[in-house]
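Input: structures, listed below.
What follows is chain A paired twice: with chain B in the first complex and chain C in the second.
Here is the complex of A and B:
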């Protein structure tokens, strides 16, 4: 099992989750401390400035890089016409279903592999093969099987969530320190109490790692599917603007896609913080 | 002797003047000419079909024309068709392109600087196909249905016109963006309720998988056109190469327009993987001289004006597109004179009938 668990650990991408900022309190004091939340916005601000400068000086022609003001204009037109809201809503609905199904299946599957060696041995090759095939490679086959309707989108989103969630659930539960379990045994915790008081708190950070990674994947997978086979949704809106060479609209939608992804991640971070407070973190 | 001396001096001056003049005007031909074609053959074959340009490629007319100057001819075929070729134009990846009318108008609207040289096809046909068991009987029945169309290509505009003719717009349908191959597959498996297709879907009809509820039957008002564009950059630097390029294309259209070469043209088009039989059926009763006429006549001008107007009307461009000064007839007219072909083609009036 070691190979799978190692792979699971690496698959869960610890880097995605920033646990503790690497600033020593001594350095980050006073005014600097208050500015800390703004640190992450320095690079976007510089990029925006560079974008504005490049477009303004016509260093990059308008037909390749539309100016920020043009993109802002396109954005407001998208809002006024209602195109953005309606397509975003459709996309969010697909993510909700796909993420819900994929996360539940991933949690159950990962837990099953972690708790039962027999089950893990039984499903491991199948799981590895399925997880190695990227969303784009599934698409042609699933299009034949499911058509190009909602089922296709939801299944592909669910698949892209399922794999990281299953892997981190497995790794999280397997990673519960043996000493804690021994302690639980000494304290004569029952099965349910061990799960709730020991395993869950210990595995929670890893679980959330998987969920956050899964949600990012879900959003990306959805955009890819909508790009290829769709008549509505945010990816469709983007490919439509590309086909008509409306680069300002395309860039506006790219920014919306990024912003929604960021929002998802923030939401799950808040959810994790809340759950950790409620069940007690243990990392 | 005095007069003879000055005469000789005059001759010398004139001669040197002539040498300087011709040296200054003989451009150094480019090392490479990159051609972008907004089409692809079946299964990724690097051949297109239904264009006079295909004859040029098959007979290596450009390669022969530019052999003396050592210019390399590069052919690039774009599966993603018009939109991809526009991107290639924007990023300076191509010098000459074959573009349909809608993408040409879109390119013009973005400020990418090009010149229009001549049409590479002047007539086309469109079909609305539905799965064989479908209840759909007419274009009007498509309302509210999932219909496939190739977005951003000339077909999108024609489809919008077909819908408009029965009082529908794109918004009344669920339009799925699929390329030609994708549309045929989606139709065959019943994943879409209908599709705007071309004659390359004949195979599905033969297999009894689809039927047509609409055919434009070569009506000029539903016809798309497509032509040869050159980048302003290239045209300014290599005007003589543009002339030579256009001459080779006119030669191709000339070959294709001769009745005895009909079969040879189909053979060339069949390199794209589309069965020859489809061409025989599609072009039955049509004169390839008209279909592949290279003239920038009233019909062509009217077609591009209509494309610009309709693109605006159907919301495919956001502001009026000015076509003035875009069509450059110089290279075509010079080629017609050089090849003595001024009278081979009959100009067509704006309504599609022969001009009188």
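Here is the complex of A and C:
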């Protein structure tokens, strides 16, 4: 009787034919793995080609999907006229203020809840109520209160950042292994040193997770507000071109919105990697 | 004394204090009464909306829209996710593209969908489906990746057919992730329902109710709408947490 696991490990034995599976779920072979970054470009390339071919053969009318060349043209017009830069700058400024305010408040609030049981008990239901009401539901209320100026955008973006950052900070600090804290006590670390050497490195991955969600949410929230209630910014530019049925401009702006989202995500991933190396985060 | 202190330190204090200050402020006119409704007015308008059936009708319209869109989006996400789990080549080819598409802020799709599908129900449903699609896809994908290699090897040794591997090996391992994905998908779909009702010029649903109320400066109805949206989101969250035996707080930070 052959040991099953041994048998499984040895794969095909001489004289014993194992039917080769038609697939091997989610396990790529070595060659595929090396080619992976390249292979990822195939689908975008095929899509681009299909888009180009469809537009060129007039299979799809311009009003449904403009040709790549038209979009490129619209893009360069947006840049030469300065519309894209000025509106993107306004949008990014709003994200910066909102994200800054929301992240700081979330860090402080989350840390407060993690370090003080009393504070956590006191604010928990209020926090739950605030977090359960999504940004979109706050929007009409805040529009009534604040009008549709800058304050509305910054408050909404800040709210969308505050909740994930506060929750992650809370979970990160509470998740620090008790044994590490005991070790810090044995080594007679002061309060500051414990925070700097033990709590922060241990909580760092969670903290960054929160910031990452926060930034994604911030961008999403800003686009919504600008679509609904704004006279400038990237979302407004989108709605404006929608009203003029300029689909080429819309596609160009869409690509910019996607690129900014991707850039935000990459930036925070790099920042996290750097901080983890620098402060020796434990995960 | 300590009882008073523990009562003051409890979680109920802050909400009660906020409502009390709000009530006093509207009563004594510290806030602009043309804009601000009192807490009693909010309750009153809630009661009226319940009585004349407008609230129930709006809620029903929104929920039906939500569930239909979620059904479409979640099934598509589930199907594609399982396909990616079964076919490594499809995974390698499609994953970067899907990841890039996910980065486009969800609501930026609305102007396109409204152009392509019109301002009617099709556009709204497509948008809600899109919102539910990505969380379901990503989580089933994540779950299928976590399947133990040794389990797959045993399946290979036993010469299981692909559909049996799917049912007996991959799905059971991926189930927790799948539940998380469905829950997030449902919450995103709810968010998208409200967004679709704002942006697609809907005449039915909670979102339409709130936008109308805002235009008429009916703060009481706006606050009522906020409460209803929050309560429905919370209810959906609790429901799927119970079904999936998940802690209520897990994944909450992923919902804006």
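To be clear about the criterion, the second predicted complex is superposed on the first by the 224 of 283 C-alpha atoms of A that agree within 3 Å, B and C clash if a C-alpha of one lies under 4 Å from a C-alpha of the other, contacts with A are read in each partner's own complex, and residues count from 1 in each chain.
Going forward, a residue touches a chain if its C-beta (ideal position, glycine included) is under 8 Å from a C-beta of that chain, and two chains touch if they have at least 3 such contacts.
Note that this is a predicted model, so its numbers are computed, not measured.
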**Request:** Based on the superposed arrangement, let me know which partner A:245 touches: chain B (first), chain C (second), both, or neither?
**Result:** both
**Asked** After lining up the shared chain so the two structures overlap, which partner does A:132 touch, if you call chain B first and chain C second: first, second, both or neither?
**Response** second
**Request:** Report for A:64: first if it touches chain B alone, second if chain C alone, otherwise both or neither.
**Result:** both
**Message:** Once chain A of both complexes is superposed, is A:217 in touch with chain B (first), chain C (second), both, or neither?
**Reply:** second
**Prompt:** Between chain B (first) and chain C (second), which, if any, makes contact with A:271: first, second, both or neither?
**Reply:** neither
**Prompt:** Once the shared chain is lined up, is A:177 touching chain B (first), chain C (second), both, or neither of them?
**Reply:** neither
**Message:** So in the superposed three-chain picture, is A:141 touching just chain B, just chain C, both, or none of them (first/second/both/neither)?
**Reply:** second
**Message:** Contacts for A:257 in the overlay, against chain B (first) and chain C (second): which applies, first, second, both or neither?
**Reply:** second
**Message:** With both structures fitted on chain A, tell me whether chain B or chain C touches more of chain A's residues.
**Reply:** C
**Item:** Set intersection of chain A contacts, chain C complex versus chain B complex
**Value:** 64, 143-144, 239, 242, 245, 247
**Asked** Inside the complex, what are the residues of chain A that reach chain C?
**Response** 4-5, 7-9, 18-19, 21-28, 32, 35-36, 39-44, 47, 64, 118, 121-126, 129, 131-141, 143-145, 160, 163-164, 167-168, 171, 209-210, 213, 217, 219-224, 227-228, 235, 238-239, 242, 245, 247, 250, 253-254, 257-258, 261-262, 265
**Asked** In the complex formed with chain A, which residues of chain B make contact?
**Response** 83, 86-87, 90-91, 103, 106-107, 109-112, 146, 151-152, 156, 174-178, 186, 189, 191-192, 316-318
**Asked** In their shared complex, at which residues does chain A touch chain B?
**Response** 61-64, 143-144, 147-149, 229-232, 236, 239-240, 242-247
**Asked** Along chain C, where are the residues that touch chain A in the complex?
**Response** 9-15, 18, 35, 85-89, 91-97, 100-101, 103-108, 110-112, 114-116, 144-145, 147, 149-150, 152-154, 156-157, 159, 162, 165, 170, 190-191, 194-195, 198-199, 207, 210-211, 213-214, 217, 219, 222-223, 225-227, 229-231, 233-234, 237, 249, 252-256
